[in-house]
Amino acid sequence: MRHRNFWPLVALAALLVFNLIFTTGFARVEFRDGRLFGTLVDIFQNGAPVMLLAVGMTLVIALGGIDLSVGSVMALSGAVAALLMTEHGQSVPVGVLAALGVALLVGAINGALVSYASVQPIIVTLVTLVMGRGLAQALTQDQKIRFEIPAFEFIGNGTVLGLPFPVLLVAAVAVAVSVLLRRTATGLYIEAMGGNPQAARLCGLRVHVIRLMAFMACALCAGLAGLIAAADIKEADVANAGLYLELDAILAVVLGGTSLTGGRANLVGSLIGATFIQTLTIMLQMRGVITEHTLIIKAIVALSVCYMQTPSFERMVRRLRPAEGA
Amino acid sequence: MSTEPILAAKGVEKRFPGVHALAGVNFEVRAGEVHALMGQNGAGKSTLIKILTGVYARDGGTITFEGRDFRPTSPGDAQRQGISTTYQELSLIPTLTVAENLCLGRAPRRWYGIDWRAMRRKAEETLATFDLRIDVTQPLGTLSAAVQQLVAIARAVQTEARVIILDEPTSSLDAHETELLLGIIGRLKARGLGIVFVTHFLDQVYRVSDRITVLRNGTFVGTYEASQLSRLDLVSHMLGKVPEELEPALHEHPEHQGTPVLTAQGLERRGFEAFDLTIHEGEVLGFAGLLGSGRTEAARLLFGADHARSGTVNGAVPKSPRHAIAQGMAFLPEDRKAEGIFPDLSVRENIAIVVQRKLGFTVSRAQQDALAQEFVTKLGIKTPHIEQPIRLLSGGNQQKVILARWLAYEPRLFILDEPTRGIDVGAKGEIERLIHQLSQKGLSVLFISAALEEVLRLSHRIAVFRDRKKVRELTRTTLPEVMEVIAGEEPPHAP
Amino acid sequence: MSFLRKHITVLAGLLAYLVLYAIAAARYDGFLSLPVFINFLSNNAVLGIVAVGMTFVILSGGIDLSVGAVMSFSSVLIGVLIMDHQWNVYAAVGASLVCGTALGAAMGAIIHRTGIKPFIVTLAGMFFVRGLAFIIHLESIAIAAPQHTSIAIMRVGPLPVTAVLFLTFVAVAWYVAVLTPFGRNVYALGGGEEAAMLMGLPVQRTRIAVYAVSGFCASFAGAALTFYLSSGSHLEGVGMELDAIATVVIGGTLLAGGVGSVFGTLVGVLMLGLILTSITTYEGMMSSGLTRVAIGALLLSFVMLQKLLTRRIAGAGRAT
Amino acid sequence: KQQSQETATPAPGGATPPAAQKKLSVGFSQVGAESAWRTAETKSIRGEAEKRGVDLKFADAQGKQASQIQALTSFIAQKVDVIVLAPVVETGWEVVLTQAKEAKIPVILVDRGIKVSDESLYTTLIASDFVEEGRMAAEWLAKQTNGKANIYELQGSTGAAPAIDRKKGFEEALQKFPDMKIVKSQSADFTRAKGKEVMEAFIKSDRDQIQAVYAHNDDMALGAIQALDEAGMNPGKNVTLISIDGVKGAFEAMVAGKLNATVECNPLLGPLVFDTINKVRAGESVPKFIKSQDQLFEQATAAQVISTREY
């Protein structure tokens, strides 16, 4: 058996190698103003929100749910933070904490409705998708909120040890979640619930609480992503922040090999998936591919990567190279 | 009975990653014969059946059906060619009605399309042959495992097939239904059909089969005339050694006097009459009753798996399984696939999931590995390694894993709903011994089984259920007496 | 009793719909009139036709995210064929139906052959088809052909042509779902794929057919769109997949597959239409944000009301 | 009941029409609130309606044409006096506008034209000319760079009318300048975040060739400025930037010397719309296309104008 992240990694590596050779300027990395610059850095910096969403989404999907509201939560959290810090003159920590608090609240609502009212996750989160952005629009009265708050902007494009802060933030969150998944019982419980919720209940798991926590964790990730997105462009843009990003996040998770039916969480895979998507996007932008073609290329590439993870591809590979065997 | 085989397999090979499931297996079934396929859990019976019916492709060997080379591409293909099968894991659609499950793919039709009324009638008639008179318009999933199994069997025998394969059809049936099924098998045989029959119940094997093929560890041991093979020989062929003792030691049946570990009072839910129940320390309490009599329901109420309308367990309203587990209860559900296993999780994780609560929040892989390894050895679970996803294990081995899950937790009271379902003779004896040991150590067991002798053999006391109502408690009883109470042929019981 | 039990979700949905409609009628002048109701039908016909196809997909345990894109593609294709190539309207519609069905079938085949999850295949399909639509024509395209217009303004009794198409689709889909073996196989597939395979049902054929049906419905919706808007539009399909899924699920169809009905979808479509119209048009809220909040809140309260009614009427079911 | 209540409220203040005359009722179908520009437009029309004591029925279409058609049918059913429509798309209005015409309700289009075979379906269009905006941008850029530049274009959402027209006008005007060439052109969805991202990609691949940036709206330009800044490329000096819309943020950027020019696309159509309505109701004839005043602002004038910007 190959390692489960084998094929996603192969795909990512192939994409990177292709770009390093054929896309001009892709390979260039320079150190300027105490910070690394280059496309490779951009991939992680620009991809940070989607990576965070993918981390949270992995938890929810492993649990057998789905969260469509993450994009709206991003908009909401950015708006709350920006409003508090500009119009209400609050300090940065207060703004950040309040924004994350609001995100957690949305997550709790999602989780509670799914768990206690047993409404299907897709419906619940579709409702919060609509309402979340609506609330953000109502709060900001449909205005974009611009700000110049260096301490806050740091979240979006600060530099620590030569690396962009969002990259480190993603790494920290990913490490924390992976510890939670692999070093504590949480991972076992979440995967068990995704695999067979009835059995999980009979095994005495706190199914409601676990579900609630997973949705909250996902929303928290979305909240952080919203802060990064807002801080990055020094503006809370309620109408556009995080728009359609839920699809990217789900795509990342699935490209990374987590099954949408739940039961298994593959965090590293999701991160690889998100990196892959961002690399592809940047590549297409750098090569100046027009939108029409971008869409088609994206479709074909996504399908191929998913195909690489299916048993039927595995069989084909084995047939082509019988010598390799097991 | 002709001696020409209808369906014959020679030297069949099948490998799964890490498992050589079938190594050169020969098997044949003749027209008008009942051929039993025997072997321990994980011997390869179900795999062979799945190869015969086109679920898996074989890696080697030949199969001929009615003299022609046979390579079914799918179960549907096999069915069309004349092989009808019930698989071990229930393969019906729980969301559809009983009638549809019976008729799917061959529903009666009129000019405008499917004739629902005719379908219902047909379904009712079919089930009547099994003495089953239920509302066929209800979704199948709401019915008990036994009813579902009957429906699956009815579906298989209803078609125009030349070979009928039944993989553990009786695992959750009662004596009465089993009797009916064996009768039907007899009739089909008389009609000249070839029947393959898999079961772990030796009695049933000897009742109906003409020949017996034994598999061990994926290898072919031999095919024997049933009349010339003694039980002891059969079991030693299966195990590969002479068994120490075939039947476990019978219980003494003293009136049990321990302190109560569980007292239920006035437990009740819609349509289920209130009942009281006490289980003492070190006691084995058996539940007896017919199919649908409410044994499972009662057990679930005790465990808090279903919501009780009123009543208490140990002085409190049963809240949830979690709560019950915290009080030291364990519950092995009757429907393994739907409520027992976590299909994608490994054997290790399936064992560790409950005991993890005791092990603490942080996970130590070493600890889990040791635990899993210990039980795999102790219960003889056949798996290539403990990281194998449980869904790839054979049915009986899955059952053992779930049992291990609860043993590892060391509860004070085990509620075992059909723990021996689909478990081979050796392991069955093992489990009976285990129950005995547990009770000797002062732990209590609530034991539900469709096999009445088993219940009788193991229990200190027996609670009898009828029509979703607890009717009697019996101590020092005999088989005829219990059967009488179950059937309701005794004078009304005065409280 | 059995009828009630079996169709409980749809009935509860219908009841909840009536309640909300009554509230709206009490609140807004002229809401309770036949023309207004007919408007609902015709205004939501396009979404409705897409949702009918989606119902089959969801019943089979799958999902189709490409419907919006296929619908837009089909409408643009019809526009281009009629306006740029002077095709006959029926020929153009026929061609777009063939394309839509083929696209759907292709996705179904990929899902079945490769074992990639429907979510991904149809998401990729959505990108692909949208790209394709932009390639055949970058802008939305106005359709002004006499033949086309004459169909667009056709009425059957009081019903505009789009409403008629929608109701026809619901009726035919109901027939297919309930009275044909194909329909029952779809339910079986959604109820348990492995079991369906073991029962010997034609799983492959059914699955490919389901996505083909969805593609057909989506492209037909594209045609209906051209009659409704007199144009081929890229924009109308954006986000339509979520609306379609929402209406299907609101109608009581389980996303996991196997349970649900086409009439449920009809109720779902009417419901979503009612909510959107009453909030955006009749209530006329000044804030776009609050409008969305209200839409979400109403949607949620409908779902909860439906749940509550289901429980009330059916009583507590077996918990297992 | 909602509507009767609304009409019952006495109109406030000065501009109240004579009590005898029934209050003018106007139905306004707006696209949504996707951008600051759009919200400014809504505000302007609402504010003007309030000022003049007009009963304004507002319907937010959330970006959906079907929603707008529904709104229009309900306006017709409610027998409003005038309909103001900001169409989501250019096509697909024949049927509903025919209904309006039959009900003798004049329709005034704002900010974007529509394509209909029968021009009499609407009374007039009050809007900016997107093609003209693109042309103005091109001409200014040519003048500024002496007719020689490598231009990088940030397009609006693919398929959207303003994006198509602004591109078209720009390219048309560039025909006259053979040395001005668009090197790369990518969609950035009219948003700042995307604008930044796409600009970063441009910088990474063609860093040294970038001389000018043309963005279809200010938001994308602001994002591009940020990307250029971070890459140390001195926007506004080493790279010439021009965009369209003229929102406040653009003026701030010009004051800071980072944006070179913006072509105003005025959303404050309120006064003009209601003036036109009055004319129409008085039976005066109005031109089919009333161009709103679009002008180009450069860095030099930005500081003076900025204080007057409302959005």
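Going by the order they are written in, the chains are A, B, C and D; count residues from 1 in each one.
The working rule: a contact is a pair of C-beta atoms (placed from the backbone, for glycine too) under 8 Å apart; a residue touches a chain by one contact, two chains touch by 3 or more.
Fair warning: this is a prediction, and the values are worked out from it, not measured in the lab.
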| item | value |
| --- | --- |
| Chain pair with the higher count of C-beta pairs in contact (A-C, A-B) | A-C |
| Rounded Å distance between chain B and chain C, as computed from the means of their C-alpha atoms | 43 |
| Separation of mean Cα positions, chain D and chain B [Å, integer] | 71 |
| Rounded Å distance, chain A centre to chain C centre (Cα mean) | 29 |
| For chain D, residues that touch 2 or more chains besides their own | 33, 158 |
| Where chain C touches two or more other chains, by residue | 134, 138, 287-289, 291-292, 320 |
| For chain A, residues contacting two or more additional chains | 137, 141-142, 198, 291-292 |
| Each pair of chains that touches, named by its two labels | A-B, A-C, A-D, B-C, C-D |
| Complex contacts: residues of chain C adjacent to chain B | 2, 6, 175, 178-181, 184-185, 187-188, 190-192, 194-202, 258-259, 315-320 |
| Chain A-touching residues of chain D, taken from the complex the two chains share | 33-36, 39, 42, 158, 183-187, 189-193, 196-198, 200-202, 204-207, 219, 222-223, 226, 230-232, 249 |
| Touch list for chain A against partner chain B, complex | 1, 182-185, 187-189, 191-192, 195-196, 198-206, 263-264, 326 |
| Chain C to chain D touching residues, read off their complex | 26-30, 35-36, 39, 43-44, 46-47, 134, 138-144, 149, 152-153, 228-236, 276-277, 280-289, 291-292 |
| Of chain C, residues touching chain A in the complex | 110, 113-117, 119-121, 123-128, 130-132, 134-135, 138, 242, 245-246, 249-250, 254-255, 287-297, 299-300, 303-304, 307, 320 |
